[in-house]
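Quick one: the structure is below, and I'll ask about it shortly.
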């Protein structure tokens, strides 16, 4: 449905923020994208909706329903946005106009894109509010963003994203700003919507727990590379790439309470300091001589694929 | 971010540099003594000896303008310096203490704002006799509330920063925090304000001297030169043009410099300007 | 009770909110409602809760920044809110704090060595035997880095610097308010390990506040679960995690679980 071939995003300074990513999303698929700050996960998502910030250079191919769209072909993207794919963001307050009633926020695109009249748009907005589980939906339509809680605001944005029945919903850290209980309900809602509507979901997060309960497939990113992919449950239980292994081990676990946590040495490197071969070189416990200079091949693993010179079971 | 300095800073700085240079130079050298009367040479046209000619008493115009620049700058430096120091200290105190102390300082500032500066200067002149010292006091006084407000607003922002909270947790006193963290971080808006107030101070000094409430003869002042030239407007208009031009140059210079500094210290404002 | 380093006794803090209409009585928000706990030297107590649960208000009261409406906070048997401003400032050498935002807690205009020495200056001491350098080494940085500015460091390194500042006066209590929440997972583990190492070396007691149950349970001995200003559960980490009594605690557990990896 949407596919990226060899997608590369460069900054104005020529630093590579996303390096040759290949990714395809099937109808109804729930795909998680996991990575730390600077992993390129948000840029990957933005390139799928034609919204890579100005000044960044995008190379490679983006296919939407079989049609190749150039990164700067704004007219083609506008044809697909909201209808083929829609996106929600981390901070729901920032994405809502504080001076517009939330009901109007959702009804407006319905009139604009679908040509509904005022009453029909309002009826449809109400349906969407109910579908996204906003309590007292009828009353909420007339309220302003500041009168809603954080979780309700995120639901409003989800309703807005669903307005034109997109085939793909991209959610960029949608639960990061929310409290745990609310976050649980939002991820439940996203899963339910995806199933009910046969809508694909791309769920971007640094939170392994949230990704694991929301998605079926997973892509792990580090330093602009997709380093591992496969079924979520299988990758998280038996990771092959040393970064995925390190990330899972470093995460404090409720069960295995060792006195010290295994760590990944060093820090996430800045874009300009990335090693030319494997991006994880220098922090990797299983580093080989060729890792620094040679980009690792993508190889099959028991749980999917990994880009590594020496994939396999780690010591962790 | 564009690394190039905005045009208004460059022009402003150039104008300010010219005025400042003339003012500093006048302290050690002027072509002639500024009050040196040479009646035989009155109303002399510009020449190699007198670049801009002489006035009705044969005094060299360039020497007078330079000495007046020195006076004008001196008044502005001392007056804005005093007003800025007291105002900034009060603003820092208000932000640090909060509560009724802050209320009191800010309400007193409102009172100061409501008081017309010229009226205050006239009252001072009436009470203590007109002189440049009275001008300095008047300008300093009207500057206090301005700086108190600017400082308090900026300081309150910094007080909310986490590193200030961290300094409190470390056991630093309010005074030490104001000195070590608040003051260095609000320096930019205070300097910008000072530059703008400099322009205002030059204008006020000229106005008061023009009205006879500032510099007294034979002390040179652009404002007083204007007043004297007024009666000779038809006979020797150049005597009014040159001091007027000096006032415009100085005020425009500091105004442009202040505006430009504000632009670079507040990127949000700068971005809104068309490129 | 006398051997407790920190004793919080029935502490309540309420905020009066702006009135809704002109004549109504202003609503009152109970930020912290009748909370009590004890913390012995060298122990770590975790406080878990969402934003608005009152955990940060509690931290600010323990640090002496805010005064409880009722109840007492005893540090080494002394009521810290009964101290004069000067005595409280001097007492701060014994309890220090690490903040959430590694980018906000250091003055951007000051060299990090200057910031680390700040608590020493506050106590009227000078850094005569290079304590700043040693504190930097204790947190895994180099003494030579004292002359650099905060922007030259990564988020994790800045948090190390903040910790160096907090331990330079050799406090007996460290209050960490969401100290690892803003860090990437791989860096977060390093900082948690550092805190545990320092605790062993210096005999620090810690009050560790976080919204992440997994993080808290990895570093703490005992646990307090807070919601809406009240303590829902208290006990050892194993007790609370093993048999959560409250729906809310169960939700926290579910939110922290990675499917297929650590399913308890």
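Read from first to last, the chains carry the letters A, B and C; within each, the first residue is number 1.
The rule is simple: a residue touches a chain if its C-beta (ideal position, glycine included) is under 8 Å from a C-beta of that chain, and two chains touch if they have at least 3 such contacts.
The model shown is predicted, which means the values in this text are computed figures rather than measured ones.
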item	value
Label of the chain whose CA centroid is most distant from the centroid of chain C	B
Pair of chains whose C-beta contact count is the highest in the structure	A-C
Chain nearest the overall C-alpha centroid of the shown protein atoms	C
Gap in Å, rounded to a whole number, between the CA centres of chain C and chain B	49
Euclidean distance of C-alpha centroids - chain A vs chain C, Å	32
Distance between the centres, which are taken as Cα means, of chain B and chain A, whole angstrom	56
Contacting residues of chain C [partner chain A, same complex]	50-51, 154-157, 184-190, 192-193, 196, 211-215, 217-219, 237, 241, 248, 251-264
Partner chain C, residues of chain A touching it in the complex	36-37, 179-181, 183-184, 206, 208-210, 212-213, 232-234, 236-237, 246-248, 250-257, 259-264, 267-268
Touching residues on chain B, where the partner in the complex is chain C	161-163, 165-173, 176, 180-181, 184-185
Interfacial residue positions of chain C with respect to chain B in the complex	63, 65, 89-90, 92-93, 96-97, 99-101, 104-107, 109-110, 115, 118-119, 121-123, 162, 165
